[in-house]
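In the two complexes that follow, chain A is the common piece, with chain B as its partner first and chain C second.
Entry: the complex of A and B
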């Protein structure tokens, strides 16, 4: 009886998942094995799309740019998120005023849509006369820096904008994790004569491991999928210097009408995210 | 007395109901009577629809729609509003066509029209020779398929041109050397950039800079759809373009940050802030800038001229615009759709009203000559003259890839990563790899 009831309740959910989650994923895999274009009705099956993508030097360059973008963003967001979360937590322990305001200010960056963040940072980093940062640089150093128009610097500018955007999310996750750590552990450590740094590295970090793992996975997946902010900030340029994989998928499908090749890129992105998740799990969780 | 009051009130009530009924013939959800026997679906971008963010445009369209509804009581139009993401919406229309549920009337970007042509109904029966000849040449050519059938109605266009500060520059430059010289002079005496244009990742970059290639007689793609921009004289023309852009940056008249300008409108901030002496922009920016700066201020400072090319005797610009396609095969519905589009956008009156309120350029030459809004507009003569040398982008599948590679190559030249020759070679290798894969 219980088994029948279980299936009665789970079947609609299962159907929804299959229809709206599994089926589209299967279709993407299927399209990746075709040469389908959006302006042509006829297509054939084969691996030509994979061959073209994997043998294209631009793909590997784009992948390198994406990996630099993702891992730099992930590390910096974790780092700054942890610092801010720790400071806020410590401030609350000491009953300092203003911790809520600090949290809200940091969170504000997270709620702003990616496209607007791109526009904001464009204004901030532009070399035009209205560029805010270059205005001060020119006042002091009598020169301007090509933050967005140099192929060498543009990627770092995009990373900074992304870190600014994502640190709040990282902070919130880690702050929640910090709140779960038992106060008794710190008290016991204090009794044993542990310093602040000892407590941080020997209690806080190990206790936060599961949270850090989830944070790393989420930041990595989100950052791999980021393209709205980059679209607004640089459009993937100058040249191809900030064209990450998600933006490349958009350009391939919507610009070049190559649904097959775009699907190949999406499949590659899927396996990258899956591999990274498994790696984080083995590296962070399994060690416990 | 009582009777007179009752009759008057009744008449007023009937009149109000009548007005209400007529006004309700046109809403953002429906045009015409709910019981009408002919039903048409109509898809338009927000700025072209009855759900318009601009009230004046919405009012003009509602008036036109009401006239149509009254004259065609047996027709009902169901509006669908596309989003502002043009490429996404054009692809959505393609997918709808594959699924068999494309709207009966659809707005199609002239850039995408070649992809849609074989999916649209011929409209020759609805247009006279006179009407077709009245259209600007590139619109006429663009509307026809290879068999000479009219497959779309090109109802607005746009063109690119040189904008220059007429209060600082007496005579606009007519060639590349003059432009650099003039820009240097102006920037020496004023705290501003000499010359700006789109050189970032975006179609605006291609469309703003390809005129330099076309003016020299260059051909990007041949009649069979094969890229030829690196063959024979075409290669020299393309190298000339990249060398010119490099000269602009190396001479200091153009800053490297043009590689971050992805749309013509990105330059508006520099114009309003008095930060630029000349730029390549689209005709629609006249209204945009005049509204933001004040029309008097804009007219006092700015003027337009043809884009300067390698020699003063060459002229070319890039043109675009929007079209309507009809997909329904039913003869009655097709005729009704044509009457609808004529009333709203394509007929002489419809086009006149729509392009006036929207700040677009009409595609009927007679409108420029016959209507005082255009004939008395000091800008229109110049724009019309510039448009005579309009080039449309080639409608072949390889073009989108070619455009992307052009944008990348341009950035490489500006950044100093590649010489002009290396940039053309790299562009050619990438485009041909794609072309061979396609064929």
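Entry: the complex of A and C
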């Protein structure tokens, strides 16, 4: 093969990667080592941005909120995804009708743009007259729940909406995993007299371990990066109770105009993304 | 036999519960979109609209820019798909068929870029686009959209080309094909399913993209539909609830239609991911 020729195939790709990834990433690191602001031309180098961010109690609170959001979402999505995938798989084994429809309905929540999901849940959880969920709660418990206006509850509301959105992804991947498990394992267990629960915990779950693992890693990364849904649902509020790291970055850079400090946060997010990716790469991809 | 039937009924019941849980918020928004303002704020709220009026829809079509937003989204998605394929098809070909230095690091880089939040690159790009006049332009955001689609699409297409045996390449070369002809006349037709999958995912993700236009666009006329809906909601007055609901449904319909038509592709692509990771 003529080595010279192939450069023209790879150059546009490399150019895009350099211009739109490498260069910006280097720049974000550079900004983080300055006191640059969006409205000032002049800036100087130093670690003041890092000092400010890391010594700010708001930062650690935000990190806590982000971690609660990510790991709650992940566990719940995995849990419900597994339940639904199992129910659908079982239904298919019994030739029940409607399994395809259920799969589609769950998956539909995943293809709706995140912003719109935020808008939909904003309408759904409202305490106003059109807040249908609160209407039912009022009927049964004679009180309304401040899903979105209480600093204590807002984060949970955001988690629920996120789980609603993301369960389909887990469900489909786990469903694929379930389909891969060989029937013979189950038959052998039946012969040995194993109950349904036995089979589930001793065959299904161990066989699904790699898939569950991939799932966990992917969900974690996607959830850390969530911006659109939360922006539309709560905007980070009330107060800063739902201001996860991506919203914090946005507010710092475009609200407070603190480009340097926002870049520090962006660097932190980058390292979070990077470490999870490395984890993923080491344990999953290099197995091939 | 009876026990089996009982299990069947339990399963059906669970399906019903799941369907209700996943459909209800969406259907409620649909219900709001079909009601008059007075009906929306009346208490107790009714599940079904008293009359199925499309007034809200006609209002947003006539009085707002929703059609512009949808047109923008279609336009942006279209050029993003074209741009992405133009860059990644040759790139995937190179990764699959040629040996060169730095291949592994670049592929690893692609993985990191794919997992990174777009927010990280949007911030410096905001500054630089501002300097070179690409801020608040469709060209600017299309370039960024393409960049965002490149990692995933390259992996996907590389995988497609990898699964074409080298013997096909050899046969083509014996027939006198150059590299370019090998790619365009032989490989591309074979990997059309992979290309279709790429197109679908690119289109869906571009349609849903929010952060990038949120940061890089200011002119209302350039907004894609994701930004337009957010704008409706953020207008602050309670009076726009019915319009926000209608706009949300209106914006979701293309996604849902595309989804129902293409769901088999989407499901198989995702389940294949479960096998290969």
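What we mean here is this: the second predicted complex is superposed on the first by the 252 of 288 C-alpha atoms of A that agree within 3 Å, B and C clash if a C-alpha of one lies under 4 Å from a C-alpha of the other, contacts with A are read in each partner's own complex, and residues count from 1 in each chain.
Everything that follows uses one rule, which is that contacts are C-beta pairs under 8 Å (C-beta built on N, C-alpha and C of every residue); 3 or more make two chains touch, one makes a residue touch a chain.
From a predicted model like this one, the values you see are computed outputs, not experimental measurements.
Chemist: Can A:16 be said to touch chain B (first), chain C (second), both, or neither?
Modeler: It touches chain C, and chain B stays clear.
Chemist: Should A:122 be classified as contacting the first partner (chain B), the second (chain C), both, or neither?
Modeler: After superposing on A, A:122 lies in contact with both chain B and chain C.
Chemist: Pick one for A:130: touches chain B only (first), chain C only (second), both, or neither.
Modeler: Both chain B and chain C are touched by A:130.
Chemist: Please tell me which partner, chain B or chain C, touches more residues of chain A.
Modeler: Of the two chains, more chain A residues are contacted by C.
Chemist: Kindly classify A:140 by the partners it touches after superposition: chain B alone (first), chain C alone (second), both, or neither?
Modeler: neither
Chemist: Please work out whether A:197 is in contact with chain B alone, chain C alone, both, or neither, and reply first, second, both or neither.
Modeler: Neither partner.
Chemist: I'd like to know which partner A:42 touches here: chain B for first, chain C for second, both or neither.
Modeler: It touches nothing on chain B or chain C.
Chemist: Return first, second, both or neither, reflecting whether A:257 touches chain B, chain C, both chains, or no partner chain.
Modeler: first
Chemist: Where on chain A do the contacts with chain B and the contacts with chain C coincide?
Modeler: Shared contact residues on chain A: 122, 128-130, 253-254.
Chemist: Once bound in the complex, which stretches of chain A touch chain C?
Modeler: 1-3, 5-6, 8-10, 12-14, 16-17, 19-21, 23-25, 27-28, 31, 84, 87, 90-91, 94, 96, 98-99, 101-109, 111-116, 119-124, 128-132, 135, 164, 169, 172-177, 179-180, 210-211, 214, 221, 224-225, 227-228, 231-232, 246, 249-250, 253-254, 259, 262-263, 266, 269-270, 273-274, 276-277, 280-281, 284-285, 287-288
Chemist: Enumerate the contact residues on chain B facing chain A in the complex.
Modeler: 87-88, 91, 94-95, 98, 115, 199-202, 255-260, 262, 269-270, 273, 275, 397, 400-401, 404, 407-408, 411-412, 414-415, 417, 430, 433, 437
Chemist: Please give the residue numbers of chain A that touch chain B in the complex, ascending.
Modeler: 37-39, 41, 48, 52, 56, 58, 122, 126-130, 146, 148-151, 234-240, 243, 251, 253-257
Chemist: Chain A touches which residues of chain C in the complex?
Modeler: 4, 7-8, 11-12, 14-15, 18-19, 21-26, 28-29, 32, 40-45, 47, 86-88, 90-91, 93-95, 97-98, 100, 106, 108-113, 115-121, 123-125, 127-128, 143-144, 146-147, 150, 154, 179, 183, 204, 207-208, 210-211, 214-215, 226-227, 229-230, 233, 238, 241, 244-245, 248, 251-252, 255-256, 258-260, 263, 266-267, 270-277
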